[in-house]
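The structure that follows is given in the form of structure tokens.
Letters A, B, C and D mark the chains in the order given here, with residues in each chain numbered from 1 onward.
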Amino acid sequence: MPVKTYREAINEALHQAMAEDSSVIVLGEEVSGGAGCDGSRDAYGGVMGVTKGLLPTYGESRVIDTPITESAIIGAAAGAAQTGLRPVAELMFMDFFGVCFDQIYNQAAKFHYMFGGKAKCPMVIRCTTGAGWRAGAQHSQNLTQMVTMVPGLKVVCPTNAYDAKGLMLQAIQDDDCVIFVEDKILYDTSCEVPDEMYTVPFGEAKYYREGSDLTIVAISNPMHKVLAVADRLEAEGITCDVIDPRTTSPLDEEAILESVEMTGRLVVVDEMTPRCGMASDISSIVAEKAFGSLRAPIKKVTAAHSPVPFAPNLEDAWIPQEADIEAAVRQVLEYAS
Amino acid sequence: MPVKTYREAINEALHQAMAEDSSVIVLGEEVSGGAGCDGSRDAYGGVMGVTKGLLPTYGESRVIDTPITESAIIGAAAGAAQTGLRPVAELMFMDFFGVCFDQIYNQAAKFHYMFGGKAKCPMVIRCTTGAGWRAGAQHSQNLTQMVTMVPGLKVVCPTNAYDAKGLMLQAIQDDDCVIFVEDKILYDTSCEVPDEMYTVPFGEAKYYREGSDLTIVAISNPMHKVLAVADRLEAEGITCDVIDPRTTSPLDEEAILESVEMTGRLVVVDEMTPRCGMASDISSIVAEKAFGSLRAPIKKVTAAHSPVPFAPNLEDAWIPQEADIEAAVRQVLEYAS
Amino acid sequence: MSIDTQEITKPKASTKGMSKQQFLKAYRTMRTIRDFEDKISEQFMKGNIPGFLHLYSGQEAVAAGLCLLLDDDDYVISTHRGHGHCIAKGGDVGGMMKEIMAKQGGLCDGKGGSMHIADFDKGMLGANAIVGGGPPIIVGAALSAKTLGTDRVGVAFGGDGSSNQGTTFEAMNLAVVLKLPAIFLFENNGYGEGTHASYAVGSKDIASRAQGFGMPAYKVDGTDLFAVYELCKQVVEHCRQGKGPVTIEASVPRFKGHFEGDPQAYRGDGEIERLMKEEDCLEIARKAAVKKKLANAKELDAIDEEIASYINEVTEAALAAPAPGDDELLTNVYSSAY
Amino acid sequence: MSIDTQEITKPKASTKGMSKQQFLKAYRTMRTIRDFEDKISEQFMKGNIPGFLHLYSGQEAVAAGLCLLLDDDDYVISTHRGHGHCIAKGGDVGGMMKEIMAKQGGLCDGKGGSMHIADFDKGMLGANAIVGGGPPIIVGAALSAKTLGTDRVGVAFGGDGSSNQGTTFEAMNLAVVLKLPAIFLFENNGYGEGTHASYAVGSKDIASRAQGFGMPAYKVDGTDLFAVYELCKQVVEHCRQGKGPVTIEASVPRFKGHFEGDPQAYRGDGEIERLMKEEDCLEIARKAAVKKKLANAKELDAIDEEIASYINEVTEAALAAPAPGDDELLTNVYSSAY
């Protein structure tokens, strides 16, 4: 099977969805790039290169470069979604929720319910997340929890190229507003990705590893650090269930609960700040629904309670690292219940 | 001691702070009301009447009516806070975070850290929350979690008039950006409130009741339903620690952990949607730090995972009610560990 | 059509250009709106309507005049003050009444209420309780029209207050950039809650500010049905021809409080009485039509009576209808599997 | 000062009105900025600077010309492209270099970096990585000035791209409504990343759109230090006198990519070479000054040399400085007890 990067996988999904369904459009800042300029069009194909090649293929009426105007971008996507299109809007960085959040959580998320099921809002908001680029406090945040908490939204955070393609195709054919969170750090990672179209269903967790001593749940890029830790532990004879929910809303509670019921121990890892994050959310679900099986405290491994600092050493300290994950895991394993 | 309503208590705090410190200003939509009109000024004194009388006393340079322009209101408050004033900005409904959230979580919250401690942002954002007014999906939300998660912000949610005054005076003299969440349902509730100025410190929970069988933590208005339930249970000989954190950031973890260490059982109640809310947050802290004391699952009692519906019967079903709280409490008490 | 500031037009009332049939349709719409608002005001006082009501009384000519030119598959989006827009766009009046009373059969199944009244079958994309929430969305509807190659137009109704919101400005610029068939129709009723437009709108007026964005903008006397219609005819045509967005600023009186129950201390002495006497679009339209022999008083009286009883009927039906089932709380949170 | 569209002024370059001392100060500023940017570009290539760099090269005359008229206690707020504004406002260049290299002694203790460069002692309220983030904040600084009765002014620097953001529009309207001493200075370098202003700005230009908001607005050739200075003199005075906000649109070239490393495929053939040849504000200023005998080439060469070695010095110092202590991660999250 061909090996593709996470970037290529998403790009391919967009290409295929646009080829198959003429109601799919892409809009956002620099989604092609070069609008109004003397040089080439499709100059960027998205600042991360994810939408590259769409403009030449599908033209300006379906690949729409916009001014810097996030509220209008998301609002326009929501309005277009209600009136016959399937827009895929790009928000260059998830950090920019703040300049368009009303259109996300008060509008797109609520149309279907608020209007008694008469409105549909089949749209995707692609956005990037992830620290480690030394991009500072306003370009590095993972705010997945801010959308996961919103009823009416679905939230997808793929951790590998295969899932990225399948989840994107699912997102585009889904009839709700889907927030598609791309971890910048993963764009150049690759794995086997079929050329054909396929979907990965929402709400179905993926087991990266199976084991019996501990359950580790991780969201987005930190998953790869978890895997490194889990593999080291395996060498010591400690085996873990390593679970990637893949979508935080809907969340595959069942997979997590079943695993904890067996292992009795849970560590949850994300790259969000610690208060009211995904780690809190998942931990609290388990503390309510699988309490009887728990044999140790539920450990959360998250970023620090601070804005993302610029200096590399500070940013690295801010980000949950393998050592933090390993320490948490050992603490949980060593807990004498 | 004089009895005052929650509304009056906050109004009095604003009056006293403005009288004492000429750098305190108030700004927002209709904070006086009647700007540019032929009729009376101070026509509203805030749509909830909380800022009534400030304009006549302190004049237009310190009580500033604005257009409908939330990003500019919050941004202006943040800029004023950096340059010598102590603004108290009003956001009519917390639901409106979406049209100004960047200025809250990316700007005001981050200045101090991002600029290496050289910027200060002593400002208060007053906003209202709470369902039950049949105000629909965009005017009823409790989004306390959305700000609690943001490092750099402090978040205050008083449940009675006494606390409201003391916390407001603390908020105004605090050097950080404080989100002051007023529960609409509480404006007409009253209790004894001293005439003098006093502060209630942040991060110190209040025990509404003391008991030994169970700990109940509640945020904002649901506290009053918890008290009704706790009092009914007491008649049956079941006693509870009922804890009001009063500020969700900073959170008085210690008070909660200490109580759970004693009671071994916890129910957390809020009026937010269930994912990544305050109930999740507090539950997860306890599941991590007081696990050894826990003798039963931690139950969360929250609103439903849906937008707030308009119809009274549906809204009442959406809101966590006494019956829901009581059921959760009994389940936790009956759990055989 | 010009974009020079000097030529913001204020067409004079004249019945020419409107057929009798059109006039009667518009008059019927206006009367329906007025009666509807009066009735829900009364029912609100009786405690039969939960929540908040923002009434459209006094502004009827704007919705009625514009919507004469729209088809069911054109789009409008509205504000918290949305009943008039919904009725004018052909919304189901009985379903509206039930919705506002939170009853089964309501247009939004009782989940929306007055502030979210909508009728998607009629291209009415909903009242919106966030000031400035609508304009970005209508830009999307206009984008659909352009992308799908239809000649539909999208209209964002907004108030003077909403004209100051950043989302509104962004929508205007994006509509210009993408040359979309979008109409920004600002009904300037003088007030955003209790703040006057002369205070909150920093520019000379709403139209000239919109014009600065690079689109044609017009002012019109919104109490004059004929003037509104005449202007909108040009404007809608302009949009259907793919010539890009247009702004209209219509001056109207607000007969009621910002919300039902508003004490309105900010109003001038006798202001409301004067407005109701001098600026009642229904009276103005009726007089002009009768004078120009577009209709006679009897016909209009008959319409008035017919509508009065129609509104009574839908009110009785709504009062009699049951509340939504308690089990509907969690239906329709998502459109597809969750 | 007029708000008629026709009178948007484009003052002609002329050295009159600027003293020799002022010119030398401005020249020194411009040269410092240019050398600073060149140096960090070089250091970035060497891997000595983490993160993203947006360089101000080519736009120096704007910051230098305006800031000649500002005192330390006036306020400016900047964008992601903030080095030039910080230097012109008197920011500590050594502290900037350390900040950008994420070192101890950096102006933001290494927590901000290039995109958040700030010097509060000099009234520089920070670069801001959210496009449109700054204007609402500067309105607050201007509000402080008005409320506290000082004659300070607040300047929001912004790009052509930022002029389309809703927050920017809101700030402009609020400044007009409250009649605040705020200057919205848009540096139109033709590009927002790789999108041309002629595409993204729907209106005729940025200035006329601002004018529609009800404030005076001017266009100026931003490659001409003297023109910038002359216009800003009037504008700053206008603000100090309490006459309300003003917008300036300064046209400038962008010599570099949007960010360092930008392949710039969207640029026209030979465009950058032409811009660097024809629109270099440093060359233009030098030529005009020498011609009008405001300074001689030798003096300017001396400044150039002095600054080159100054920039080398601060670079060496920054390279040698240690990273922030690992224990600083959680300091300064809050200003007061938490």
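Note that in this section a contact is a pair of C-beta atoms (placed from the backbone, for glycine too) under 8 Å apart; a residue touches a chain by one contact, two chains touch by 3 or more.
Treat the numbers as computed from the prediction; the structure is a model and nothing was measured.
Legend: contact pairs of B-D compared by residue number with B-C, A-C or A-D; the interface matching in over half of them is A-C. Of all chains, the one whose Cα centroid sits at the greatest distance from that of subunit A is C.
Mean C-alpha positions place subunit A and subunit D at a centre distance of 36 Å.
Centroid to centroid, with C-alpha atoms defining each point, subunit C and subunit D lie 44 Å apart.
Centre to centre, using the average C-alpha position, subunit A and subunit B are separated by 30 Å.
Computed centre separation for the pair subunit A/subunit C is 40 angstrom, with centres defined by C-alpha atoms. Under the contact definition stated at the top, the residues of subunit B that touch 2 or more other chains are 66-67, 69, 71-72, 95-96, 98-99, 102-103, 106, 113-114, 136-138, 151-152, 304-307, 309. Residues of subunit C in contact with two or more other chains: 108, 110-112, 116, 128, 130, 133, 164-167, 170, 173-174, 177, 199-202, 333.
Against subunit C, in their complex, subunit A makes its touches with residues 23, 25, 61-62, 64, 66-67, 69, 71-85, 87, 102-103, 106-107, 111-122, 151-152, 154, 174-176, 202-203, 250.
Considering their complex, residues 71, 95-99, 101-106, 109-110, 113-114, 136-138, 145-146, 148-152, 249, 251, 272-273, 275-281, 283-289, 291-292, 294, 296-300, 304-307, 309, 335 of subunit A touch subunit B. Taken in their complex, subunit D has these residues touching subunit B: 75, 77, 99, 106-112, 116, 118-121, 125-126, 128, 130, 133, 135-148, 154, 166-167, 170-171, 173-174, 177-178, 331-338. Those residues of subunit D lying in contact with subunit A across their complex are 50-52, 102-103, 108, 110-113, 115-116, 128-133, 161-162, 164-167, 191-202, 263-269, 271, 323-324, 326, 328-330, 333. Remark: subunit D residues 5, 164-170, 172-177, 199-204, 208-215 touch subunit C in the complex.
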